[in-house]
Every structure is written in structure tokens, then in C-alpha cells.
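Single-structure report; data block below.
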Amino acid sequence: MSDGPGRVGGDVLMAVGAARALVGARTCFVGIGLPSTAANLARRVHNPGLVLIYESGAIGAKPSRLPLSIGDGELADTADALVPVTEMFTYWLQGGRIDVGFLGAAQLDRYANINTTEVDRGPGRPRGRLPGAGGAPEIAAHCGEVLIAVRHSPRTFVERLDYVTTLGHGTGPGDRARHGLRGRGPVSVITDLGVLRPDPATAELILTEVHPGVTVGQVREATGWPLRTADRVGVTPPPSELELRELNALKSV
Amino acid sequence: MSDGPGRVGGDVLMAVGAARALVGARTCFVGIGLPSTAANLARRVHNPGLVLIYESGAIGAKPSRLPLSIGDGELADTADALVPVTEMFTYWLQGGRIDVGFLGAAQLDRYANINTTEVDRGPGRPRGRLPGAGGAPEIAAHCGEVLIAVRHSPRTFVERLDYVTTLGHGTGPGDRARHGLRGRGPVSVITDLGVLRPDPATAELILTEVHPGVTVGQVREATGWPLRTADRVGVTPPPSELELRELNALKSV
Amino acid sequence: MAEIRGLREAVADLIRDGDTVAMEGFTHLIPFAAAHEVIRQGITDLTLVRMTPDVIYDQLIGAGLARKLVFSWGGNPGVGSLHRFRDAVENGWPRPLELDEHSHAGMANRYAAGASRLPFALLNGYRGSDLGRRTTTLSTIDCPFTGQELAAVAAVNPDVTVIHAQQADRDGNVQLWGLAGVQKEAVLAAERVLVTVEELVEVLEPRPGGVVLPGWVVDAVAWVPGGAHPSYAAGYSERDNDYYREWDRVSRDRDVFQQWLKECVTG
Amino acid sequence: MAEIRGLREAVADLIRDGDTVAMEGFTHLIPFAAAHEVIRQGITDLTLVRMTPDVIYDQLIGAGLARKLVFSWGGNPGVGSLHRFRDAVENGWPRPLELDEHSHAGMANRYAAGASRLPFALLNGYRGSDLGRRTTTLSTIDCPFTGQELAAVAAVNPDVTVIHAQQADRDGNVQLWGLAGVQKEAVLAAERVLVTVEELVEVLEPRPGGVVLPGWVVDAVAWVPGGAHPSYAAGYSERDNDYYREWDRVSRDRDVFQQWLKECVTG
């Protein structure tokens, strides 16, 4: 999707969709990039009380502009509390204090398992190195639920991960419980084409919504496995004036 | 020993002796009571750079008067750093950062093992309950060395402890190493009558010094096991004018 | 989200018969007023958790409300024995007191494990001590990398933690400063949390050494100036050392203690 | 006790070929100037430890000084890949790079275990992840109380930790504030410690959120204003986001990188 005049870009749709998914959350663990955009947008539009928690140690950060890194000074300056990184991961994340975690993915499979470590680039080429795990395995384990925001493409939505960095729903229903994972795991995957959610019966991601103007066929083409769809695929409401204005304000400050 | 005019009281001799033992220390873990008196006296007279560390979380406290409790406000107000109690015990004490630890004892045996938990009061009577372990087991384990300050009496210096709260030298030479204990353990026991130190060969406490005017016989009588003595038992130098003056100043502020 | 409530109502709502209760504060910021409210309401059969039971638990134990004590050092700091604690342990008066006894390092780690929602914590401790012989909450574990044997202590997760702090704002965000003890761990390990404070302020100004607890980890905040007396709140009060010394006399005798209870708490 | 020394001399004295070195700072207070001094002195065969290798380790790796990397997230924050890191991992240029890879939670716990002088730390993590398949520093352990299986991660104890802080006094006592990262743990886990600072002050005034490291846990303090650039020091400088963006171009090409090295570091 292009970002041409009059069209809404894919990243905007993802950010707006992700922000809407934060309506009922009290606390949100935020990574840099789209999650930070979405969480800040949610705080401005849908959920002013949303507590943003950055893994760098800022609890209750209220940045006025989007930080480039999770350690930007404004996060610290506006936080309710600053804690050391060890404490963030032990008492706050592992302690089950965070309602919603946000993850991205280089590869994602139908059970919302995530690869952010390395990808197979074909015979004769070394595996392509990605940043690695960061906070993801424990965010997926301990947050009440997880939102995944990622652009739709067959290279990303794959039949089989080249490396399992972070467990989503594992091999299907009950697998999280078998691993002793507390949180509900990924509850929606928000892309530039629509929204996928795990089927309650099978834990497999199915298409539940498309963005305005996107067809189910387009989403299927952009998915590397035979994508199932909900009985009724909805259409996400387009970004509102307010959402777009606040998103611009966040980015332009 | 009485505290009559012209005589120096037992607690004063213990405090002065313990303070002198801190001449070469950089950091000292301080409990309340005599250890605190001794450590503060050492800082005023022998070792102005001595870092006093209170288990309540004060690192580098410089109280001008003796605190009644280890949590007194002046400890916090004068400290270089305040840390949570968890951190005090993990990073600082267990982390091996402290040169000298101070312990008291309700009962002590010849290997400087300590009971501060309960004492047998004879048939038909319930065991007498004491405060318990506090920081002692780990102070004895992790400090570079341990000083014990305790009044001499056969009820305290016993043949056999009613309860082992804190390991000193265990069952003798090599026992600390067998338990994997890092520090040297108790290096001297300073009493109102003199000073006992572990024999390097047997780890058994032997009398190495008496205070001025005290006889070896008096110490033997006050010890509940057949006390051995060093080949030459020295006499501790009496408290100096300066030591007594500073001790009074600490107490009277 | 923390509600600002009256102490009586908050105690009644959050603390129940049979609960495991931690009232923390390492000499500093001990929540005496809340403990006295527990006595007035007669909330009983409590398992009391505290590194240093101190005078606050001596009072609860003497009042007959404690079934069990989880602790690491039970004395009157700088003064001597806790006589009500001793009487309960030695003579079962006014009722027997079960003990789960650890070292300070062990207790601090037990709270940290609780706050971390781990079932246990590791430490290098207890070696050669008899402490392990009487408790079921101490074990050992071998390092999978070096083979070194370490102590394992079971997590403490109180039903309720009560602390006293200097300040809270209207949203129930709390700040305490000075000696911070294990309050953060005790709060984060608990199911329910009550904080009494010296002062309600419009805005919490960050302080050196300040520990901030967001309102969303606290259930109720009660405004109780002086609520830490006879301990103290740095910046607000001094430790009442005379009270601690006088407690030795009051608590030594059962009748004197009961009279104190009537005159100073329940009366 | 910390000595106040020149950066060149302190680096030469404290960091040696083959050392395990941690240069910490979570986006904030990253000790770039010290890393550049390491490059100038050609100290090599290093095992580099850092949660987020960031541009600082991309530079050391590209300069060929790293034998091994211990880390948990190797990207250019907010920008993209670390190209020198990728080139070393994918193509072994300028030399092969061994990896010991963990999650953030695991790395933070590894430092905490190191600071606590425990051989390992426990966490509830890594479940279902392939991370455990390639490292010897991750294992599992069963809770002796509940039977629950937990992850065990080996302690990290660097030979040298290097950090940047805002202030030190003449005795080498250090204070840093703002996002504190894992600096305290990295310092206390290490054998030797070098701290570069923005400012030498007569007296350290306690600050909200201030982390104080006493001089007796530090070996050397070097006065290096701006020593965290292109990261930042709260109260002294802003993060140079353009540098991070520009690094993507500089580091993408081996020749451009080597030219940068000559012009900006070794030249």
C-alpha cells in the first residue's frame, strides 16, 4: 500500500489498529517503533490513563514526541518511576504486573510464534542475522496478553519459522499451559492489511478483519500458509480525524 | 568488673579493643550495640576512612552519636549511599564487598560457633528464646573476617552450644572450607577480660591477651571449657585518653 | 488502582482472619497505626511476616492475634528481648506461636522471590546453621553449571502487605524515602496492599532515594499522620527511643501489657 | 579505592587482550569514548558483554577486536541492523564472532547473579524458545518446594566493566541518574571497574533516581566530558539520533567503515 495523498499508509493503519486494541488496558510494555507509536496514540485518544512501561526502566512515561530509542531522555523525565533494568524484568514483567505486551516479528507462523533471530536466505548463503530476542520471550510469557504488529508479506507470514525466538501459541491449543506460561499470549496480529486472531478452538491465526479497501484474497496472497478466515470477516473502521491528527502530532513534535 | 570511679568498665574495654581491631579495615558491617560503638570509635580514632555499613541499607554512614537502632535516621542522613535491604544482602554482603563483620553471641563454643537463637534453661523449663539469626549466618560466611565482642562468663563461653545459629570454625580446621565459606571467619573474640584468637593449627580459641589487671586464672574461670592459652599471653594496652574521650563524646551527644 | 480510604474501613476490607500479613519497615516507617487498628478489630489467626518483628508484632502477638510468625530477628532493637514474643514461644501465652525462622539474607530473598513471582530464591547462606532443621521453607539446590550447592528459600507471598510511607498523591501513587527496607518487595509480593501515609500531596516530587510505588499496585491508601510512631518517618518525625525502652517494662508483665492494650489501643 | 586517571592510562592499565569486557548503559550513558580508546590501543581478542551491543560494539566488532559477543538484542535502536555485527556473524569479517545469546531478562539476571557472587540466577523464561539450543550458559532447574521447572542462567562476571556516569567526586565516588540500566550490576559483577564521567565535583549531591557507587568498588575514574556521545548523559547532553541514523550508512560498507575508523578514531 502506498502512502500517496488521500491514502492511509500501512504503518498508520497498524498503529491505529494497535492503539485501538489498548482501550481496556491499564499497563502496556512498550518497545520502540510501531508499538511505541501505538501506545502513545492510545494514551492520547482512547485511554488517557494507560501506563506506558519501557524496558529501559521507565514506568508511566508520558513522552510528548515519539522517542527514537527506548532509552530516550524524555521517557525518564516524564516517568512516574524509574527502576533498574533487572528490577523491570523481575518484579514488573515476570511479576505479572503488565497487562499488554507489544511485539514485532521478522517471521511469524500460524500459531503466532515469532522469529527475530535469523532467517534462512537459501542455499549457499549464510543465514541472515537479525537483532535477536531482546525482551520478547518473557514479554510473550508474562504479559496478560500480547499484540503483534507486523507488515503483511509471505516472507514474514511463513509456514515454518527458521528459528523460534519467542513462543506464541506453540504447537496449538494447550501448548502455552504445558509450558507453564501465565499470560494469554498473542491475542491479535495487526498488519497493514487487516487483523488476525487465534481461533479459540485451534489457536491458529485466522483473518477476522480487513482494513478498508483490502480484499480477503489480497491478505491470503500475502500470507505464506493457507490462511483461514473467520465466518464473517469484518472491516476495520478507517482512522478517524482525531486519530490521524494525534498521530501526526506525535510524529512531528 | 565494676564501672566504679577510676576503673574502666568491661564494655569500654571491649569497645576499645574492637575498635583497635579495625585499624586495617576498609569496610565494616555494623550491628547495633557494641559493634556500632566500636566501629564509630575506630572511625574517630584509628581509621577515619573506615566505611560503616549498616544492614538497614546505609553504606558509609557517619553518625555523630550512637544510634539506638540500626535504622536510625542519622544513619540514612549521613550515608554515602542507601540501598534496599535485599540489595544489601545480595550485592554487598554476599557479593564479598565487606572486610570485617561484627557479631555478638549468647553462647560461643571453642570453635567460635555462635548461638543467638535459644538456650536450654534446664529440666522442666522451656528453652529460653533469644532474638535469632538476623544477619549473622551470612555475615560470618561472607565478610573477609569476623570480630566477636561478648562479655566473658561460663554461661556464654560454653562447652557445647544449645543451638548453632552461626558457623564460626565449625568442627575445626578445614571445616569452613568444607562448607564452602569464603571469609576467614572469626579472627578474634574480644571480651571484658581479654582477647581470644583461633589457634592457626587447631582453629580452637586460645587466650592471647588479657586486659590490664586481669589474670589468666580469672579468664579460665569465666570460660566453660578448659581454656588453652598462647605460649605468651600479652596484656592489652589500656584505653588511651583519646579513646576514652572520643568514646564519651559518641555516647553523650 | 488505589483508593484513598479511612484506616478503619481499609483494614476491615483488606485484612481478614487467617491471612498472612506482612507489615514491613526496617526500623524506619513501621506501620504501627494500622497494626493497632487490626488489634481494635480483633482480626485474628494471622500468620505474621516481618524480618524484624519489633515492638509492632510483640503487640499483635500479645493481643493473641497471631498463629504463626515468619521472621529473622526477634528482639527490641538496642533494648533487649521482645517479652510478648518470648512469652508466646516459651509458654504459649496467650496462645502458642508457630515459628518459621530464617536469617535476614534468607527473608530478604524470600520477599524478592515473592515480588518476582518465582517459587523460590537462591542464596549462598545458612551453611552450618541449625536453622534448616526446623523449617520446611529452606532447602538446597545444586548449580547446574558449577555443581556448587546453594540454599533455596521458598517465596513469601503475603495475602496482605501493610506499609507506612511519607506521601501519596490523589491517585494513590506512593513515595517513601530514607531507609527503604524491603517495602517494595513486600508490596509487590502481596495479593493486597494497604499504605498509610504521613501526607496526601497534589504532586509527588521525586526525592533522592525516593521509592515510588504506582497507585496501580496499591489497593488502599489511608492518611494517618504519625502512623509509624514509635518508629519514625524521615522528614516528618524522629524515632521515639524512649517508647522502645519503656516497652521493655510494659511488655515484661502480662497484666501491665493488658492494661496498656486497654488504655492505649482498644480502650 | 578509585584513582582519578587519564583515560588512555586507565584503559591501558585495566583492559587487557583476551579480557571479558562489559561496557554497559541502556541507550543512556554508553561509554563510547572508552571504547574508542580501546580501539586506538588495539586491545584485542575481547569477549564483549552487553545487553544491547548497539553502535558501540558494532564499532569494536568492525575493528576486529572481538572474539565473542554475549548479548540479548543486537540492533541499531530505532534504525535497523548493526551491519558490522551482521557482517562478522554472517561472513566472519573481519574475523569470526562467537555468540552467547540470551533474552534481556536472562542477561539482566546473569549480571545480577554476577554482582551477587552466585554462580547462576533463576528466572521464569525462555520457555519454548530455541535460545537454549546453542548456549552452554542456559539450563533448567526444578523448584525444591513446588517442582516447577525454571530457567537457570550462568552468572556473568566480567574481567572489566566500563561505564559512563554524570559525576564523580575526588575520592572516586560516582553518581549517575536517569535511566540506570544494569550499570550497578555490571560494576559489582566485575573484577576491575573503569568509570568515565562528565564532571568531577567537590561533593556529590544526592539526586532523585541517583545511583551512587562508592569509590571503593571502582578502580579508576577518568574525566571525559561527552564520553557517552552519540548516546547521552541526562542533564548534560541529548542523544545524537542523527549519528545513530548516519551509522547505518557508515557501517553498511566495509570500506566506508574503515575510513570512518581512520578518520574518527584511530587517525
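Of note:
The chains carry the letters A, B, C and D, assigned in the order they are written, with residues numbered from 1 in each.
Methods note: a contact is a pair of C-beta atoms (placed from the backbone, for glycine too) under 8 Å apart; a residue touches a chain by one contact, two chains touch by 3 or more.
Owing to the predicted nature of the structure, the values given are computational and were not obtained by experimental measurement.
In terms of the stated touch criterion, the partners common to subunit C and subunit D are A, B, listed by label.
Spacing of subunit A relative to subunit C, judged by their CA centroids, is 41 angstrom. Centre-to-centre separation of subunit A and subunit B, using mean CA positions: 58 Å. Centre-to-centre separation between subunit A and subunit D, using Cα means, comes to 28 Å.
For subunit C, residues that reach two or more other chains under the stated contact definition are 112, 117-118, 123-124, 148, 184-185, 209.
In subunit A, the residues that touch at least two other chains are 90, 94.
In terms of inter-chain touching, the protein chains here follow a pattern that is not a line, ring, star or complete graph. Counting only pairs that meet the touch rule, the chains in contact are A-C, A-D, B-C, B-D, C-D. Contact residues of subunit B toward subunit C in the complex are 32-33, 55-58, 67-73, 75-77, 82, 84-86, 88-90, 93-94, 113, 117, 126-138, 141-142, 163-167, 170, 175, 179-181.
Those residues of subunit D that touch subunit A in the shared complex are 26-28, 51-52, 71-75, 77-79, 81-82, 85-86, 89-91, 101-105, 108-109, 111-112, 123-131, 148-149, 178-182, 184-185, 209, 211, 231-232, 234, 238-239, 241, 244. Remark: subunit C residues 1, 112, 115-118, 173, 184-185, 188, 212-214, 216-217 touch subunit A in the complex.
Every residue of subunit A that touches subunit C in the complex is listed here, in rising order: 26-27, 51, 59-60, 80-81, 90-91, 94-97. By the touch criterion stated above, subunit D contacts subunit C in their complex at residues 117-124, 137, 139-141, 143-146, 148, 150, 152, 154, 206-210.
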